[in-house]
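Order of writing sets the labels: A, B, C and D. Residues in every chain begin at 1.
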C-alpha cells in the first residue's frame, strides 16, 4: 500500500512537494495542514487529501511520514514531535536558524531512530549529483580545489531578509552543504568576506548581499564559495571541481540550446530563471529518494546531521565576517 | 468531463502516448486495443482502461477521440473509420507509405470534418518550436537557407528497413515536415542524393543509409537536409536557419551540461541517446496540444494535410534519386 | 642565399603576400611590378625592392620565383611566361575564369616542369588543415558526408560581380577546392541550386547570391556546400566532416573568447570580420610552404591541377543550375 | 631614427623580447648582454646587435632604453643604474623578491623621472585587456566580485621553487597585478589559504602549490584568486568579472576551434600549452607599448609602482597564510 504522507505547510514549497509526491508511485498525501486554512483546503482538494491540524497528524497511526514545509521556526518543534511519535520525516532546510536548537532537534531525531531527510535539494540536481559521483569515483583524481558560484536573479524583499537569519544561514547554507558533500571530509576552518553592494536596504537591515567564503578541510583541500543576491542575467548556479587528474564543471542550464547569431553577437540563452525552474527535477528526485528510503530503510541522501554541519559552517562564517580571521569549525 | 480516448496500438509508441495522455488534465484513456492481446491488457491495467477491439471503439459514442499508434499499414483504414464515425483522431506518422492511399485517407478526414492531428512530434520539441516561432516572427529577417541535420545513433534491423518504405518515407519524412513548417511556403522542387555507406545489407535491401536532399521553394529559399542511419556519438538533431538578419541554430540536447577537462581534451556530453529521450517533452506536448484542440476546436499544430505534403516531398526525393534531376513537387 | 622573388601585382592581395614573404626566412622580394606604377613604387619601397616591368622579371636569371597577384585575366598569360622562362610560380586563384584557358595554362606549367603553387589559402588555415589531416588519418573513420558553410559578411559591389565569373567561379571555387581536398577522391557529379535573395542588383547582373551545391564522389561520399553573399553576423566559415567513427567540426574564429552575460542573453563574439582577418595565418603559411617547396623541390600543398579541378566543379555547377539536373564532372 | 635598445639577459624571456623588438617598427637592438657570453653572442648575431657588458650600456649615450630580462636579483640594481644614467627601462617582473628593495628601486626610478615599464604581460593579453576596458567603461555596471583562475600545466623544478620567493611572489604576483588593475581602486585587505597538495617536495622546500586568496577593496569589492602549480589539461587562465549589470568571462584560448564528436563524448581542445603560447601576442604588445611610450613620453600600461603594489599584496598574503587572519595591505 502506498505510504501515507502528511504535508505540513501549503505554501509555495509545500505545493512543489505535493506535486512531487503525487508523481511518486509508492506514496500519497493523506493530510494537508497549514495555519492558513484556505491554503490547506485548496491544496488538499488538488491532492485528494484531507485538511487536518498538526495534532491529528501525530495521532493517526496510518500516517507513515511527515513532510515539513512550514515556516522555518516550526521546523525544530515539528521534528521533535516526529521523533516523539516515531514518524519518518522529510524537513525543508534549514533545521533552524539557531544552531543550538538545530542540534537539539537533530539529537531528538537521532535518539528516536526515525528516518529523517533534509531538503538539500541541490544534491539531487542531475548535474550536481553527477559531478559529485564523478568526483567521488576519482574522475579528477584527488580533489584539490572547489569553486561554487551561486547568485540569485534578484534580492528578496527586505522584510524577508530581516527574518532570514542572514545570507550565510539563508542562502549560502545550500552551498555549504554542497561543499561538504563534494569535499567528503571534515571542513576545518572558514574564512568569510562580505559586502553590501547590491541594495543599501539590505545593509541597513544588518545583512550583506555579496560574499566570498573560503573553506579548508583537514587535509588541505580548499573550497571557495561566492554568493550574490542579484545577477541580472539570471540564476547563476555553477560548480568547478579541480583535482590532480582534471576538472569537472557544472554549468548553468537553459531552457533550450538555441543560439542566435546577429549583428550584436552570438547570443545564447540566460540560465533558467530561479530555483523552482533550475531545481525542478531535483525537487521531484528528493521526494522520490525519501519515499524509496521509507520503503528500504536506507538513509536518505541528506539528513539532519548534514543540516547541523552546514549550520556550523554558517555560524563560523558569521563569526569570521566579524573577526576578520579564520574560524575553526569545531568551535561552533 | 475528461475526454475519453481510445488508444489503438499498445507497442512502444503506444505506451509513450498512454503516459502522455495520463499526464494531461482533461483526458483519460478508456480503451486500449492491440492485435497482440496481452500487450493491450498490460497497458490497459496500467492506465485503468479497458481492453476492447477496434469495432467497439467506433460503436461507443462516449469515445471522444482515437489515438492511432498501430502499424503503419493500419493508419489509412483507421483514419477512414474515424472519418465515418466522426471520431477525432490523433494518428502517428506517416499517414501511409503510399501517397495515393495517404491522399484518400486525408480526403476522407477532410470531407468528414473530424479533427485530425498527425504525430509530427518534432514540431513540439521545445527547441525546434521556439526556432520556428522566432523565424516566423522575423528574428532572422527573411529566411534564406535552412539546414537540417538528422542522424540516428544506429541503423534499425534490415527487416525493418525492408518494410519501412525507404529512408525518405521512413526517416527523412520528419525533416521534410520540419522544413515545410519552417519554410512556411510551398516547396517547388526536390533534388536527392543518396548512398549506401553505413551498412551493406541496407543497400542489398534496396535502400540507402546516407542522404542529402535539396528543397527549393517558390520564392527561391533553399533547404538542405542530411540524414545518416548511424552517428557513433549519438542522436544528432540540429537545425540552422539563416536569413537576412541573422541565424538561429538549434543544437543537440544533452543530459547535463557537465564538462570534463583532462589530458585528452575538454569533453562534454554526447546528445541524448535517441528519439524517446530527445523528444520526451515533445511526445507529451503533442498530446497536450491534441487534447487542447479537442476542447477548443482549433486546428492541431500538424494535421493530415501536413502528412500528405511531407509524403509528396518523399516521393519527389525517391524519384529524384533515380532520375538524377530535380523533381517538381506538384507532379506527385 | 635567400630566394629572389618578383611580385606581380601590388594591390590588396599583393601587399598581403609581400608581408608574408618578408616574414619568411629564406626569401626576399627583388622586384615589384604593377600596371599602376605608384602602387608598385610604394610597395617596393616598403620591401626594399625595385620597381620593374614584367618583361624584366622574366629576363633576369637571378629571379627564382614569381608571385602573381595581378588581375585574374593576367594569370593564364603570366603562368605561360613562367613556364617558358622556367620560373617557379605562386599564382593567386583562380587560374582563369575560362576553363579552357585554365587548362592551357596548367598544361604549359605541366610540360615545362616548373614548380607551381596555387593560392588556395584556406588549405593553410590552421583549423581547416588540422581537420583535413585528422580526416585523412582516420579520426572519423571513413568520411561519409561533408558540409561546408561559407558566407561573406556583405556582397561586393555589383561592378565586381559583373566581372567575377559568377558566384561559383568566384566565391564557391574555394569551397570546391576544400571539398576536393578533404574528400580525397574524384567528385563524379554536381548538383546546384541557387537564388537571388540578398541583393536584386546581383540578380539583374545575371548572378545568384545564395547557393547550395551537392557533390557526390565515385564511392558515394556526399558533400554539401552553401554560400551566401551576406551574413550580418560576419564571415561565416565552417566545415563539418561526418564519418563512420565520428564528426569533426571546424567552427568560426573570434578575436577573443570573451563572453558577456547580461539581460539580453549570453553574448559571445561574432566571427573575425573577413578573409584578411580569418585567413591571416593562412596567407603567411601558404607563402612559407611555397618558399619551402622552392628549397626542397617538393610539391606545394595546392597546385595548378587543383585549380583546374575546382574550375571543373564550378563549370558543372553553372551547368547544373541551368539544367536542373546533376552534371557529370568529367563532361567538363 | 629607430630607438636603440640594450637587452640585458639572453635567456628564454630575453629571446622573447628580442623577437618582439625586432617586429616593432621604431626600435632595434643595439646591444645584448648576458653573464653567459655564448648566449649573448648567439642572440646578438640573430638580432644584428653587438655583444657588450652592462657598464658599456650605461656609458653609451646612443642607447635610448634598456630591457632587463636577467635574473630577478639583478632587477633592482639595474633599475637603479637606469635611474642614475637616465635610461628609459623595460623591466621583467618582479621588481625584486624583497619588498624593501623593490621600493628602493621604484623610488630611484620615480626620483630620476626615467620612463619605466614593468613586464606584467597579462595586461596586454588581448582577451584580458578587452575585459578590463569593458569593465572600466561600465559594461557590467559596478564591478562587485572578480574571480581569477590561474593554473600552470606542471610545477617547476624544486630548485626553482627554492629561489622563487614562493608561490605568492613568483606566481600569484601576476594575478595580484591583474586584480588591482581590473578592480581599479585600492585593495584594503588580503586573506590567504594555501596547501601543499600537488608535490610533496614543494612542501618540503617550504612552499605551497595550491592557494586561494581573497582581496577586499576600500569600497567592498571582493576578488578571489586561485592558483595551482599543476593542471593536467593545460595552462588554465581565466577571469570572471561580475557586476551590477552583468558578467564578463575571459575563457581559455585554444590552438583551433576544432571539435570532435565521437563515442567518448564531444571533445574540444585543451588550452594553449603555457605562458609563451598563451601570452605570445601579449609579449609582443607590451614591447610595442613600451616603444610607443618611448616615442610619446606617455606612461606605459604597467610601471614600477604597479610592481610595488603587487608585491605588497604578495607580502600581505604571505603574512595572512601564517596568521590565519586578514592582513591590511597598508601595513606592508
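Quick note on the criterion: a contact is a pair of C-beta atoms (placed from the backbone, for glycine too) under 8 Å apart; a residue touches a chain by one contact, two chains touch by 3 or more.
Quantities reported herein were computed from a predicted structural model and do not represent experimental measurements.
Asker: Report the chain whose CA-based centre is farthest from the CA-based centre of chain C.
Answerer: Result for the farthest chain: A.
Asker: Of the chain pairs A-D and B-D, which one is connected by the greater count of C-beta contacts?
Answerer: A-D
Asker: Distance-wise, how many Å sit between the C-alpha centres of chain A and chain D, to the nearest whole number?
Answerer: Those two chain centres are 42 Å apart.
Asker: CA centre of chain B versus CA centre of chain D: separation in Å?
Answerer: 59
Asker: Give me the residue numbers in chain B that touch at least two other chains, ranges are fine.
Answerer: Those would be 231-233, 236, 245-247, 260-263.
Asker: So in the complex, the part of chain A that touches chain B is made up of which residues?
Answerer: Those residues of chain A that touch chain B are 126-127, 130-131, 134, 139-140, 245-253, 255-263.
Asker: Can you list the chain C residues touching chain B in their complex?
Answerer: Within the complex, chain C contacts chain B at residues 142, 144-145, 147, 149, 151, 189, 191, 193-198, 210-212, 214, 216, 220-222, 224, 226, 228, 230-233, 236, 242, 244-247, 323-326.
Asker: Within the complex, which stretch of chain A touches chain C?
Answerer: 231-233, 236, 260-270
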